[in-house]
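Structure below; questions to follow.
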């Protein structure tokens, strides 16, 4: 699908919390201009659950149009209702997107056996390639390594997994049993170096919303076996990564993008703005990194 | 709202996975005939995320009609999209329901400060009393004790919390800081005795789908300070409680209700039927308890 | 062994960190005068791992002598070396102690099967009754409910378990499968009401070092089925319980006892004194509770 | 201290559970002959807590003598009693050991501030270099990244940390804030690739008791920036790593070494032999890897 950095882009809102399509266009151009390898639209960072159906269509269309096939556009279409996922997938197909990011069912959850059935049902109903998304801290459930492999074997268009389990032993095990054809992407900015060292293809990133060039450099260094350079960049951005998750993502990153002048500092419920303390620390760190 | 047992009822499906309204009617009557204190419709046990909007309306109307004010009908209306919650709430109001069970945002999550804003926004837009639902293992987030109290103080119709955090120290702390007007319900069948001993009003139960009489007796024993009787019943049903959660709820309880002849053993995706092993153990335990 | 409150007493040190036997005598008398039901000597609260062998002997002898059979004296003799446990047990026997509190192996840990062998080996070599101690947050391992029952069945003098797993579902399950002859004691002050409501015999307490009378009243209220009174006391002392564990126990309780004038505020390495913030909060709360 | 693989060697016992010094000598020679970079004596894998003082002296002397300065000999001297640590350290110095591996206090635990005091007290009383050992799953406590750095800054002979927290985000953070002079060693075989990719110097290994050559190759590949080769070896040995921790370490590895004919399959209490199932799986995997 891609190697390097895919930015899980924020969805800009105006002060009345309407989707700000102009800012969206500008932000996508900004990402393209700075060398992004892929764009992930309407992920958690894009506040997907707070986006209504009609907005979803317009957002995806807008991004696909601006990107104009320069890089793959991957749409987050997972929900916890299989019919809604199918509907989201159709919309992504119509818009001309290049791939789908589909999280496991959350809240209602499923069993490992149920996961295979779930992804089979979905993958048989779309022509687009799918990246599974494993994020137990949000979903309450895990994709076990054998299950990831089984889904890949049963669903020819499930071609990757975004791993955000933070369980490094599990991730190591996944690499040891998976075929080459199943790609692994780090779903956590701070874990990109360990996961790509294990053989991961790239990072689906929050931090690259505001520090894209360095994360392109970081991920490509690892792809080029240049560990020394990768370590240096990785160490340099660790504090920013940490601050961007000091409150529930995308609360801090929305503020960070607003500091760049690329969106308003506006989130939708159930999210609320970051505390002044978080904002202060974030601004200081971005200044230290010469991002402002 | 109620004291004793509120059953979080399953939603019966026919073999083609359509909602089976006749079975639903029969099942609600069965619950009323066996002394249930309240009915919770379209909770997780009712597979709410897999129910479409038009079905939701018909299900709630059906239950409210059959119950006919004999016991309170509480509708699970929580989602992770605030507008959908408002829509679900309107529908519950129109149908004549008596209360709302609203889970915290899941998957997108929120901060503690965000939770207060979220429940304020929702509670100001409904006339019905609300029970918050805290279930971190499904939602990825927790309602801290001080937050629960703050929500209650800021939202006059948030009158209770369904506690399913399994964090007993937190629950004890909640009792020590909350006003009497904030009711606590155990959200875990196996924790009803400890939580009601601390002063909880009742249990929102999965097991009472199939073992209602004993759970009425159990909860009312605690309300009557008869710990000896409560312990005996509690110990007796512990294995059944455990088996009903051997796979993701409501997978096992759907099978258990089907054994009573009150629904088909049919769940919707992302869930799939229980393993044969789980079904075997469950059937044996129900036989041992003379439930079959 | 006992019902009600057993205080896990601190070991007083003088300013040079020598054991202060005079303060120890005074403190034991203070506990007896205030109605303690049992004394646990050289538990974690007594900083057992930091006590040398010759001190151990003198401490146990001192306590047994002062107590003079008024209440049971239970000696913490568990380590992670079985020979040292045997030696500690002999010493407790010689001193005339009434029982042993033996924690599972920690750090080196064991399997469930290993636990049975371990307690068999130990229990066959002492005449004293044994309470097992389950505290996974310190030991890195758990006593599963079936294992606790199996140990009890295989070792006739293992008569109880101090449960500090904080896993309330596990504790409920233990009550449902254990024989009456296996006693359960809460190992956490804040969990005494839930655990005794389930049928526990008492509490092995840290807080009762400084708030004994209220904890005697609290535990005896539950034994007398007076839940209302128990809840009131429980709620009242929750904040103190919490503050006493704000830093690693027994750091805060040592300070709290020193405020009563009953010991110096001195701990041995690896422990160090509480922060000023913790001490300030603790003092304020003790004043609020009229303990000072 | 060393780069590459340090084997945390088992302590061989005869059938009567006496230390088998002849097997120990043979085993150390076997490790030297197969290219080990360092030997760690009397770690957890060496069942240190079950070794008596007089045995400790003889074991360390035996290993130091056989090794004869060919590689560094590091002695595990941590306990949860500071005086015993000092005594163990003296013994290691007298024997001519090259370094100390000192775990944080376990069971009694400490605070972060206490950790600094603890390591200061110890490091000021020895001339040998010290590697701190962080293993929360055994000790119940963590060394926070800032604390590790603070200890290093306060104690000039604390030169490294064996990281076995399994918390990859924490480990990444540690690399981002530590000076070059503080070395990091993976304390988990399955995490060697991610941790050394981050810049770790080596691995303190259990698996290398039985698969040394491959682990030398694996670690040196990473040191030489040859990620491709490292990944291949890492994937190949993942299942063996996992099986060696199927029961509490060193239960399975003792069996594995016995299959090589280098020791009896004998452990001391609190450990007991592996189950037949574990032994069967382990033997099969070792055969698959041509280790037998």
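For reference, chains read A, B, C and D in written order, and residue numbers begin at 1 within each chain.
Just so it is clear, a contact is a pair of C-beta atoms (placed from the backbone, for glycine too) under 8 Å apart; a residue touches a chain by one contact, two chains touch by 3 or more.
Which chain is which protein? Per UniProt: A, B, C, D = 4-hydroxy-tetrahydrodipicolinate synthase.
Predicted, not measured: the structure shown is a model, and the values here were computed from it.
S.K.: If you take the chains that touch chain A and keep only those that also touch chain C, what is left?
M.R.: Per touch definition, common to chain A and chain C: B, D.
S.K.: Could you find the chain whose CA centre sits the greatest distance from that of chain C?
M.R.: Here the answer is chain A, farthest from chain C.
S.K.: Can you check how far apart chain B and chain C are, centre to centre, with Cα atoms defining each centre and the answer in Å?
M.R.: About 38 Å separates the centre of chain B from that of chain C.
S.K.: Taking the mean of the CA coordinates per chain, how far is chain C from chain D in Å?
M.R.: Here chain C and chain D have centroids separated by 33 Å.
S.K.: Could you say which residues in chain B touch two or more other chains, in rising order?
M.R.: Residues: none.
S.K.: Take each protein chain as a node, join two nodes whenever their chains touch, and name the resulting shape: line, ring, star, complete or other.
M.R.: Shape = ring; chains linked end to end, path closes on itself.
S.K.: Which chain pairs here would you call touching?
M.R.: Taking the chains two at a time, the touching pairs are A-B, A-D, B-C, C-D.
S.K.: Which of the residues in chain B end up touching chain A in this complex?
M.R.: 44, 47-50, 52, 80-83, 103-111, 113-115, 117-118, 121, 137-141, 247-248, 251, 268-272, 275
S.K.: Can you name the residues of chain B that touch chain C in the complex?
M.R.: Touching chain C: residues 166-169, 172-173, 175-177, 188, 190-191, 193-195, 197-199, 225, 227-228, 231, 234-236, 238-239, 242 of chain B.
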